[in-house]
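As structure tokens, here come the structures.
The following pair of complexes shares a single chain, subunit A, combined with subunit B in the former and subunit C in the latter.
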Partner chain A sequence: MTDAVVIGAGHNGLVCATLLAQAGMQVVCVEQADQPGGLARRRVLGDCQVPMAHAAFPPGPELVRELRLDAVGFQPGPTLDTIALGREGQHLTFSGDEVSGAALKDSDREAYRQFRQAYARFGAALRPLLLSPPPRLKNLPGADLKALVRLAWRLRFGLGREQLGEFLRVVGANMRDVLEDHFENPQLRGALAADAVRGHSAGPYAPGTVWTWLLRVIDSLDGPLSALAADELIRCLPKAAENAGVDLRLASPVANIAVADNQARGITLADGSTIEADHVVSSADPITTLSRLVGAPQLDAMFAHRVAQIRSAGAVARVHLVLSEAPTFTGLSDANLDHRLVFAPSVRALERAYNPIKYGAFSDEPALEIVFPTRHQPELAPAGQTVLSANVMYVPYRLKGGWTDARRGELLDRVLKLLDSLAPGLSQSVLSSECLTPADIESIYGVTGGHWHQGEVSLHQSLMLRPVYGAAQYATPVAGLYLCGAGCHPGGGVTGWPGRNAARQLLKRRGAA
Partner chain B sequence: MATYDAIVIGAGHNGLTNAAFLARAGLRTLVLEKNPYIGGATVSRELHPGWKYSNCSYVCSLFRPEIYQALDLGNHGLKIVPLVSSMTFKQDGDFFGSYQNPHVRRRELMRHSPRDADAAVRFDADLMRWCRLIRALLLRTPPDPGSLRPRDLGEWLFLLRRFHDLSESQLYEFCRFFTLSIAEYLENYFENETILAHYSGGSIIGTGLGVYSPGTAYVLLHHAMGEVDGNIGAWGFARGGMGAVADALASACKSQGGEIRTDAEVVGIRVNGRRTRGVELASGETIDAPVVVSNLDPRRTFTKIMSPEDVPPALAERAERFRIRGSSGKLNIALDGMPSFPALPSGSPLTLGHMHFTDTLERLERAYDDWKDDRWSADPYTDTLIPSQYDPSLAPPGKHMMSVFVQYCPVTPEGGWDAAKRTAFGDTVINQIAQYSPDFKDRLLHVEVRTPNEIEHEVGLTEGNIFQGELTFDQLLFNRPFPGYARYRGPVRGMYLCSSATHPGGGVMGAPGCNAAREILRDLRRPDSTPEAFGDD
Partner chain C sequence: MNIAPDHFVQPLNRSPFINRFEALSRTENWATWNSYKVARVVDEIANEYFAVRSACAVMDLTPMEKYRISGPDARAFLDRLVVRDLSKLRTGRVTYVAWCNDEGHVIDDGTLFQLGENDYRLCSQHHQLDWLHISAQGFDVAIEHETHQVAALAVQGPTSFSVLRDAGAAELDELKPFGFVKSRIAGQPVLISRTGYTGDLGYELWLDPAAADAVWDAVFAQTPHYAVSAMGLDALEMVRLEAGFVMPGFDFVAADVAIRSNRARTPTEAGLGWLVSFDKGHFTGRAALLAEKSETPRRRLVKLTVEGNRPVCDSFIHARRGGPRVGEIRAATWSPMLKTNVALAEINLVRGDLPANLWARVDYQRELAWHSIWARCHPQIKAAVTPAHRSLTPPQRY
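Up next, the complex of A and B:
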């Protein structure tokens, strides 16, 4: 009998397990794979390795401090600028609050600075909301009410009346309108829109995309995008967990969560062994946890229905290419390959790339986010080889007719064709390649729908509605069962907030009991 | 020369409602209309000899019963005939009908999906709850979120109380309803593809959104919260066409002493020392009044008829950015007889109501994709009605008038509109209907095709947008038309807005006009002549 068993050693599972153990609980953390890291763990491709989270924001200072990550040598690593690729080699470079490029007007440059600053202010006002469980809308405890009042105060008096008005206007708006308000350059708009919808199954015309942009802005407040942040984090987290006394068991897939009398009693592993525990905390996605591991018969019918309705079809494919030489992109220098390349030439092009996914198809010209991990970690590949890692938007989880090797090859060909148009001859230097569709990501990582964020971070699946109401404060209707994955508030990205919030919530409730 | 206490620009239904209440409060009120006829978008005219077309708006459901009663519109000649059904033709030769009679409706739902027939009970109850909640806000001025004035705080308190009456899970469900797309919202209830498509359609009418766009579930309410004879969600025809609504309002306005001048296009609002002085007409004539109310959308109001020095730059910028996207077209068709619809059993009452021809969500969404790329929908969503079956005044005996509202139609297709394109657009719609009605094309006597262009030029709705501005989160409630200006007041004293671009938005509702009148009378310290919202139950 242990105090808590945490399912999944992804970053949220490890954060949660570590914080629980630090509070004196006896914690077992079970992971299905033989490596920790979850969706951020490295993927092996021939002689090479590729980190799945190829670009991430560094964890917040609260997390670094509480998990004592400095003690295990955490370094966020070199920062990534962003280069928005143009079709004809006319590129834009984003670095901090600055954007530059030959075709860019001064007005857009200045507008970008103001835009960044305005959204950073909105983000700063909202950030505390992400660091605590989302408030309930009724029957809320006094502490929640105080937090809500504080938030309202921050918004009203921190932002001021004018900015509050603007914030309330844009918070539910679509990215296209907001970008058109501020900028003229289509490529600038396209690149920002692509970041707003990255990982989501939504086009930039969809209301609610400013919200996902805001969440990204809040992430970015803790430091600039880095190539190593996620890889470093999942290298350090198991050590921090171990230091805290977490019993980490790899290659231990969970078969089910034992529930009796509406109380979680522990878990059964696939090999038939059981681990009894007072608390079960799952960093698996909510559908896996509640529909599969617990099972609908243990749940209230309407709650189970809501869980089954969670939108969790992924929309991003990952392409990995091992190249025999560093590619030459038209208009880019070799040093530029140290940074993140984004291809989304306009908001309309991005929306067009989105359209087919609604009907179970993928687009002729997808949007890309490209990083070369070997530029920062040459040890990932044999000398002389370059690894290209590209997120491809949008690719459906449910392809009409189903995913086959032939269809996967077709998608890869489209990506290669697009890459060739941006970096002539690139495809000739490909030594090996792989193409992971959302369906592949689901089967490899066990995340429903292959969705990065364990469920869309749309407005109707955010805050007190994430993953569903009734489980939005991390505790589920099954006593002793908690959720702590990205499927919970505040959502995806390599932030660790869901894991941290869940641990704190569990400890608070345990202390109160 | 007569002087006036108030001038209302634009004799659309909101302008007339506004003027009627101002006149009722004892103000000498003048309504100025640029067209030779009144009505704005609620207009009916004989555009083909013997036929009366309601050119823009074509059904009535949202009109507030409080206003109907307060202005005694029944006695001014307004009769609403309830519409009892709606239907969708299926591609396989079958159809789905939705009837007002609950027993018939349930039988029809059962025929398509017994599960959905049960879900419909839950759906109706939920929708009714949201209707009631939102309905209470229609005849109120939205509070300014940043303001600490007692009146705004009082409004917040009112809202809090309304929401406090809901249970915790109802509150979450409301948040979901407010933020979901119509397709996903309905998928919480229904499984049958035709039923999903049928009930989704209403949410995209007039918007620049698709059935999968978040926020469209709420638009459903905008079409569902209307009342006819106390039936929430019911639709009706105004007898004599939609122009009858404008005529009754005009009659009510005149009976209170208000004046209406047509052929009087306002080209400027005169301001002197931060106070409104009156208006200037295209003829050069000026008319004085301390209160000027604009029923035009804010973009026209603040960037066209007010001079730039009277409009703060930040406001002008907001007005330019106000989202008004034209997405709808309309066909008015004169028929020499009732077209047949072989899918329907003979004598079916379904031809009396709304008819739709798009039976899957994918078809609806693809129609939207076409529009996003500046094309009219190759397979459009249409709301087709033959109101002459109810109202013999619309067409000669034995003949019929058909009104086809078409979603989506771009403001500017590639290369712009020309006669050939307009015809091609019309043919797209006619061919779609003809697939379900073999004799339809033989019955055509006259077809009037209206793209957003025609609607804009004739009615004055920018881009032909029927709501005078998108109904998205960023343009609703205290954000409508923009933050800081949701209280019907313009940038200078004595200047007001009363159009559909203000809270609570579009549809032939009358609420914006009524709310603006209340604010004006408040500023003038006159007794309030506007009605209070009816209570529930």
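Up next, the complex of A and C:
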């Protein structure tokens, strides 16, 4: 009998397990794969390796401090600038609060600076909201009321009357409207819109895309985007967990969560062995945890229904290419390949890339986010080879007619064709390749729908509605069963907040009991 | 685009028995029940009432929602659905069940028939297909809506046994309350259950709609001595209140249609607490109902008899004559058998107990002038009318 068993050694599972162990609990963390890291763990491709989270923001200082990450040598690594690719080689470069490019007007340059600063202020006002469980509105208990009052105070007096007005105007809006308010340059708009919807199954015209942009802005407050942040984090977290006394067991897939008399009693592994525990904390997505590992029959019907209805169909495919030589993108220098390349030439082009997914098809001209991991970690590939890692939007989880090797090849061909138009001759240098559809990501990483964020971070799946009403405080209706993955508030990305919030909530309840 | 001028008209479903009702109707007093046309009063409400209590009354039950539930997980599905322990239910038996939402509020009640191994029929007053499907997630179960495929007829009253026996249903002698048998009437296969909503001896007949006329005619062809007559909803309301049966959606707001969060009711509040079993494993609403157990009950649906002869519908209940308001009448009727008002009232409890000394303020009209009187209310534990003949096996012959 152990105090807690944590399911999944992704970053959130490890954060949660470490914090629980630091608080004196006896913690076992089980992971299905033979490596920790969850969705961020490296993918092996022949004699190359590719980090799945190829660009991430560094963890917040609270996490670094609490998890004692410095003690295990955590370094966020070199910063990634963002280069927005144009069809004819006219590129824009984003670095910090500055954007530059030949075709860019001074007015857009200045507008970008102001836009960044305004959203950084909104983000700073909202950030504390992400570091605690979402407030409950029903009956409004004292602590939640206080949190809401504090948030209202920060928004009203931190932002000031005028900024608050702007914040309230945009918070539920769509990214396209907001970008059109601020900028003229379509390429500038397109690149920002693409980051606002990254990982989501939403086009830039969809309401709620400013909210997902804000969440990204809040992440960025802890440091600039880095190629190594996620890879480093999942290298360091198991050490931190070990230091805290977590019993990490790899290659231990979970078959089910044992529930008796509405109380979680432990887990059964696929090999039939059991681990009894007072608490079960799952970093698996809510559908996997509740519908599959617990099972609807153990839950109330409407709650089980709500869980099953969570929008969690992923929309991003991953293409990995091993290239015999560094590619030459029209208009870019070789040094530019150290950075993140984004192809979304306009908001309209992005929305057009989104449209087919509604009908179960993928885009003719997808939006891309490209990183070359070997530029920062040459050891990932044999000498001289370059690994290209591209997130491809939008690709449906449920392809009409179903995913086959032929359809996967068709998608890869479209991506190669697009890459060739941006970097002529790139496809000639491909030594090996792989194309992971959302369905593949689901089967490899065990995340429902292959969704990066364990479910859309739409407004109706945010805050006290994430993952669903009845489980938004990390505790589920099953006593002793907690959720701690990205499916919970505040959502996806490599933030660690869900894991941290869940651990704190569990410890608070345990202390109260 | 051509839109028919009467496109908004919702045609009423016609039950296979409706021709017979229309032929007998002297009042043309019709109601709609689950989109079916049903009689409110066929002839004279007093005659229909006394037919149930002293002869035999026949009512159309076809509009009752019927669901066929089958498959390997059918029993597990039902166990998770309803609040009642089903371990005693077996083939050939019927049980009364209620089901709740996650918050432990009653959605509906009904009768559950075990037709065979992994084969059940659930009957309820209100449409439940969506809730059954929502509840079916994770179970290997098939749910078929068979309301329109199964005709149903209630044959109720002291002579009902003799009527059906003479009509050919020989298997009824040994049929106990809440049992059913497969039988034949007028050569037609009929499933007969000893169930009803009247509190009297009675049966419910379940049959192919094509057999409806033949079965109806056979029931009405028996000796006039049995005094078979058709009955409508109004007389049913009288007898069900005498029998103390609650009706979700009328005596309290059904949870699935409640808009205001304080309107839905738990089984205990609805007087159905005796149905709930916490020992049978998980069911929807269990956690909420367990939590309710540790709280002081706030209100309860109470059976009352009310003194005086004024109709007490829509009255407020007060603690003491002229005292503070503590409840409301939900349904009431004059009981011709008992010569008193019987009612169901929702009453706020004081520290978990019913206030003593309850009075109804009865407002009534006499030649358009309003009058107000106070009538003493007497809470009842048992149903007002419980005739001894209703549970005899074999039933009494006439």
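One rule holds for everything that comes next: the second predicted complex is superposed on the first by the 512 of 513 C-alpha atoms of A that agree within 3 Å, B and C clash if a C-alpha of one lies under 4 Å from a C-alpha of the other, contacts with A are read in each partner's own complex, and residues count from 1 in each chain.
Going forward, a residue touches a chain if its C-beta (ideal position, glycine included) is under 8 Å from a C-beta of that chain, and two chains touch if they have at least 3 such contacts.
Just so we're clear, the structure is a prediction, and the values are computed from it rather than from any experiment.
By the touch criterion defined above, A:P477 reaches subunit C but does not reach subunit B.
Comparing subunit C and subunit B on the residues of subunit A they touch gives the larger count to B. Once chain A of one complex is fitted onto chain A of the other, the partner contacts of A:P253 are absent, as it touches neither subunit B nor subunit C.
By the touch criterion defined above, A:N262 reaches subunit C but does not reach subunit B. Once chain A of one complex is fitted onto chain A of the other, the partner contacts of A:R311 are limited to subunit B, with no touch recorded for subunit C. Applying the stated contact rule after C-alpha superposition, one finds that A:A296 touches subunit C and leaves subunit B untouched. Applying the stated contact rule after C-alpha superposition, one finds that A:G409 touches neither subunit B nor subunit C. Shared-chain residue A:R136: touches subunit B; no touch with subunit C. Shared contact residues of subunit A, touching subunit B in one structure and subunit C in the other: 305, 470. Per the touch definition, subunit A reaches subunit C in the complex via residues 262, 291, 295-305, 308, 470, 477.
Put simply, subunit B touches subunit A in their complex at residues 144-147, 164, 166-169, 171-172, 175-176, 179-180, 184, 187-188, 209, 212-215, 321, 323, 362, 365-366, 369, 372-373, 472-474, 478-479, 482-484.
If you check the complex, the residues on subunit A that touch subunit B are 136-139, 156, 160-162, 164-166, 168-174, 177, 180-181, 202, 205-208, 305, 309, 311, 348, 351-352, 355, 358-359, 458-460, 464-465, 469-470.
For subunit C in complex with subunit A, the touching residues are 76, 80-81, 101-102, 131, 134-135, 137-139, 282, 284-287.
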